[in-house]
Amino acid sequence: MVDTKVNLLGIELDNPIIPASGTFGYGYEFAEFYDINMLGTFSFKGTTKEPRFGNPTPRIAECTAGMINSVGLQNPGVEKVIAEELPKLKKVFNKKVMANVGGFSIDEYKEVCEKLDKEEQVGWIEVNISCPNVHGGGMSFGTDPKSAFEVTKEVKKVTTKPIIVKLSPNVTDIVSMAKAVEDAGADGVSLINTLLGMRINLKTREPVIKNVMGGFSGPAIFPVAVRMVYQVANAVKIPVIGMGGIATAEDVIEMMMAGATAVEIGAQNLIDPYASKNIIEDLPRVMKKYKITSLKELIKGE
Amino acid sequence: MVDTKVNLLGIELDNPIIPASGTFGYGYEFAEFYDINMLGTFSFKGTTKEPRFGNPTPRIAECTAGMINSVGLQNPGVEKVIAEELPKLKKVFNKKVMANVGGFSIDEYKEVCEKLDKEEQVGWIEVNISCPNVHGGGMSFGTDPKSAFEVTKEVKKVTTKPIIVKLSPNVTDIVSMAKAVEDAGADGVSLINTLLGMRINLKTREPVIKNVMGGFSGPAIFPVAVRMVYQVANAVKIPVIGMGGIATAEDVIEMMMAGATAVEIGAQNLIDPYASKNIIEDLPRVMKKYKITSLKELIKGE
Amino acid sequence: MKQVFLKITKNEHLTKDVLKMVLKGDVSDIKAGQFVNIKIEGEYLRRPISVCDLGKNTLTLIYKVVGKGTEIMANMKKGEVLDVLTGLGNGYDLSCAGERPLLVGGGVGVPPLYLLAKELKKQGKDITVTLGFNTKDEIFYEKEFSKLGKVFVTTVDGSYGIKGFVTNALENVDATYFYSCGPEPMLKALSNATKISGELSFEERMGCGFGACMGCSCKTLTGNKRICKEGPVMKKEEIIW
Amino acid sequence: MKQVFLKITKNEHLTKDVLKMVLKGDVSDIKAGQFVNIKIEGEYLRRPISVCDLGKNTLTLIYKVVGKGTEIMANMKKGEVLDVLTGLGNGYDLSCAGERPLLVGGGVGVPPLYLLAKELKKQGKDITVTLGFNTKDEIFYEKEFSKLGKVFVTTVDGSYGIKGFVTNALENVDATYFYSCGPEPMLKALSNATKISGELSFEERMGCGFGACMGCSCKTLTGNKRICKEGPVMKKEEIIW
């Protein structure tokens, strides 16, 4: 028997598979498809202080081996997430969930993180400083080490649970970003968020996405993700959650060999609602194939 | 009849199709496959002052919808290019060629550009400040606007032909890079060079590429390329050559709608030696389909 | 929602750009007005196609070739097996039909009305169908609908039936409720032209098609809705034009 | 180089991991020691496979399943048509063989020696063949080679033939020249173990396979060479180990 367990910042996961924020709603919808308790955990839909509709449609574009989205953090707002979504989730998920938080100012990040930190269901808080689809702050926090440091430091002041900062790949130097949030007290980092991409409709000669650009994800971006996870894992001491185009159990292993402690599955959940389940079920076979007894042996420093 | 002609910095091209540097050698090898005079032009193998072997092998890795290379500017050196490669090319190509120049210092860029500028066969000089596979300068010129400005300014001093600066996508702000070289006197920019990527061999648990990372190209990166070309074309007044994952005539049109005056075809030449030829032959059909009479009508400012 | 593997038993042109595909397999839990989401080899996103007809083990789709995904579909052969998510979307609410429902479809908005018409017919309703096309060559399924109710066809260029838009065929129709599907301008014109209540089926570029990605959201008077989950069918009264 | 479209007429296992594929079509201009580069649906790069045998209109390839590309190949069916670039690489130089050439192959390095052996046989040479495998179950083509010359088989575990490496079978061989293909450690050992001159065929990860990308370059005593163009066959004397 192979051992798929990993430890993510003090909580043992049955496996390293974590559906990524924005591709798994608040979980209960996928619970109609399969028992989501089989997951390591999942990161819920990026939550902001106020309810948001997000960007105008169309906000989806097809790409070779990937897709662009410009949803723009549509969510019901933190109050409603706590009052309605988490109770619904509780009925179908008995593990700790990862709370994903978006924001437009340091104060907003602080307020939302502080509220979610008090929720017993929440095991980790993933602070998204890298959403490419919101203006007025979200992205600049993700591309400027100083801003990233600030938001991390302030969030840490008002929280007790592990803070994982989600990094943008749209930067010259991913290592300096990771080090900045590590220095500010981040307990972990997750990367990569989407690459900024664009498509044009040849018939209308206009961008496919109403918002012109959006976040590009899917297997196409996997080599960039592996590279950045490798760079960051070799530069920081905190755990790295790897993501970006993972579609198979082989990809999971490759991402962990690059230095990830756990992985998030994003776009693949959207083209196959059973993707995360299938990957988990296929992991033991792939581990055996590559003579891996325990996933922990792949993790740097363990 | 549709008109595929475009004007690239004073020279009329029969069509906007330009095989990209590093995927077309010094041209004469492809002349065995088809008459390369049908091309708009092509950009020859990145040439440096001294002969270079490049990086250790393996220097190629397979990716979903793309590949990684870490060739590292293997070339016979500028003297031999002028003495041997250009004369061989002359026998099979009667158009102006684009000279691609790599380097490790401003002096080297200057010296190589000055020499190639004197060659009658050379129509444009493409200054590659963005090769991800060479250390000691090549990449930092491509990620720092000040260095990019400097190298462009110095090269312009010793050349008379149009200088096109090839930009790296591995930056936070592609627009500031493009503006820097425009301010320094660049006549045009070409983008995107490859994204920095990495793959790991699950059997050996080591990077596939001996040099660990390399340049990721192919259809996978097309949405990033379209986005950056769009951003740059909207920010500078000089012509933009668009490249990055172009595989079909439709992609050419999309890149031109994003703001490109001409396009370079890269990785696709490697998986299909007839790719550039096929794209040129398919262009009129696609233009008719999308009711484009002349490609010039797609180019911004024309 | 259900993931099923269906075998193509027919895939043929009805017009130059419109094809009919018949699939065989587990088609339980599919309702009129819903759509299926098809995995297409070589494309990343699935392609949502509205349900046109349903047999005991067969599903009929009618689709228009509009891009690369539908081009690939058009070249699929009998015997190929497709990975299909079924039972997606809310579907039409048959309980509102009244005695004399009006069905209004435009172009590729016509197919989803067919299964609806069959089911309303089973309930003994007096059905009127108005089908709008650009031109004569694009017309399909007129005969099929004729077996289920009174059919008016409009063509924009007047090459067949009533010249103009579907709204030009509504004047003498005395209906209790309407069901519609078609391009947004048609839906809006229809909504404005009718005093009765009704339902309209919308299109949007979708990511997942099953409510996860929020790609296809729209604002309504009754809150934000996902076209793929709380839609594609909306009540006339809740739509913000 | 030539781009051709070849139809699969056979694709069957020789051992657990090694398959033999026979392709039909235009196979002109292919020489012993060359390789072909095959477009594989779903993969980006072509896959280079060495030429094992050649008929009037048929090409035989023997390949080992080592990754995703060859896995896809192993699942290809009779009748499928492949996009193949042929005539790639330099091939063996038959003019150096002398009267008693020695052919040494290890594992999947065995196949390219077969066409070579056939052609040397045609020239009336006295051929000795040494084939190295890990174990008995991995052996293939021993019988085929036996028709062309004297064959020694070695297995690392001694489960068949001579126990050890191909070099263990060379002691009593009196050859004029050697031709070899196999893993690099084998080639090196062979090169060291032989006093005669010879040719060795190398493997490297390739981008294009036809000399454009410089992905597979290597340094030799006679300058930089591209494995795909000036190689894959190198003279013993020019190799830098």
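Brief remarks on what is shown
Should a chain be cited, it is by its letter among A, B, C and D, assigned in written order, with residues numbered from 1 in that chain.
What we mean here is this: contacts are C-beta pairs under 8 Å (C-beta built on N, C-alpha and C of every residue); 3 or more make two chains touch, one makes a residue touch a chain.
A quick note: this is a predicted structure, and the numbers were derived from the prediction, not measured.
The chain with its Cα centroid farthest from the Cα centroid of chain B is C. With centres set at the average Cα position, the gap from chain A to chain D is 47 Å. The geometric centre of chain C is 58 Å away from that of chain D, both derived from CA atoms. Between the Cα centres of chain A and chain B there is a gap of 34 Å.
For chain B, the set of residues touching two or more other chains reads 61, 63-66. If the chains shown are joined wherever they touch, the resulting network is a simple chain of contacts running from one end to the other without closing. All chain pairs in contact, by the document's touch criterion: A-B, A-C, B-D.
Those residues of chain B that touch chain A in the complex are listed here as 61, 63-66, 68, 143, 170-173, 195-200, 202-203, 205, 207, 212-213, 216, 219-224, 226-227, 230, 245, 250, 253-254, 257-258, 290. Interface residues of chain C, counted against chain A in their complex, comprise 1, 3, 39, 43-46, 68-69, 85, 204-208, 210-219, 224. Only residues 22-25, 29-30, 32-33, 45, 53-54, 57-67, 69, 71, 74, 208, 218-219, 267, 269-274 of chain A touch chain C when the two sit together in their complex.
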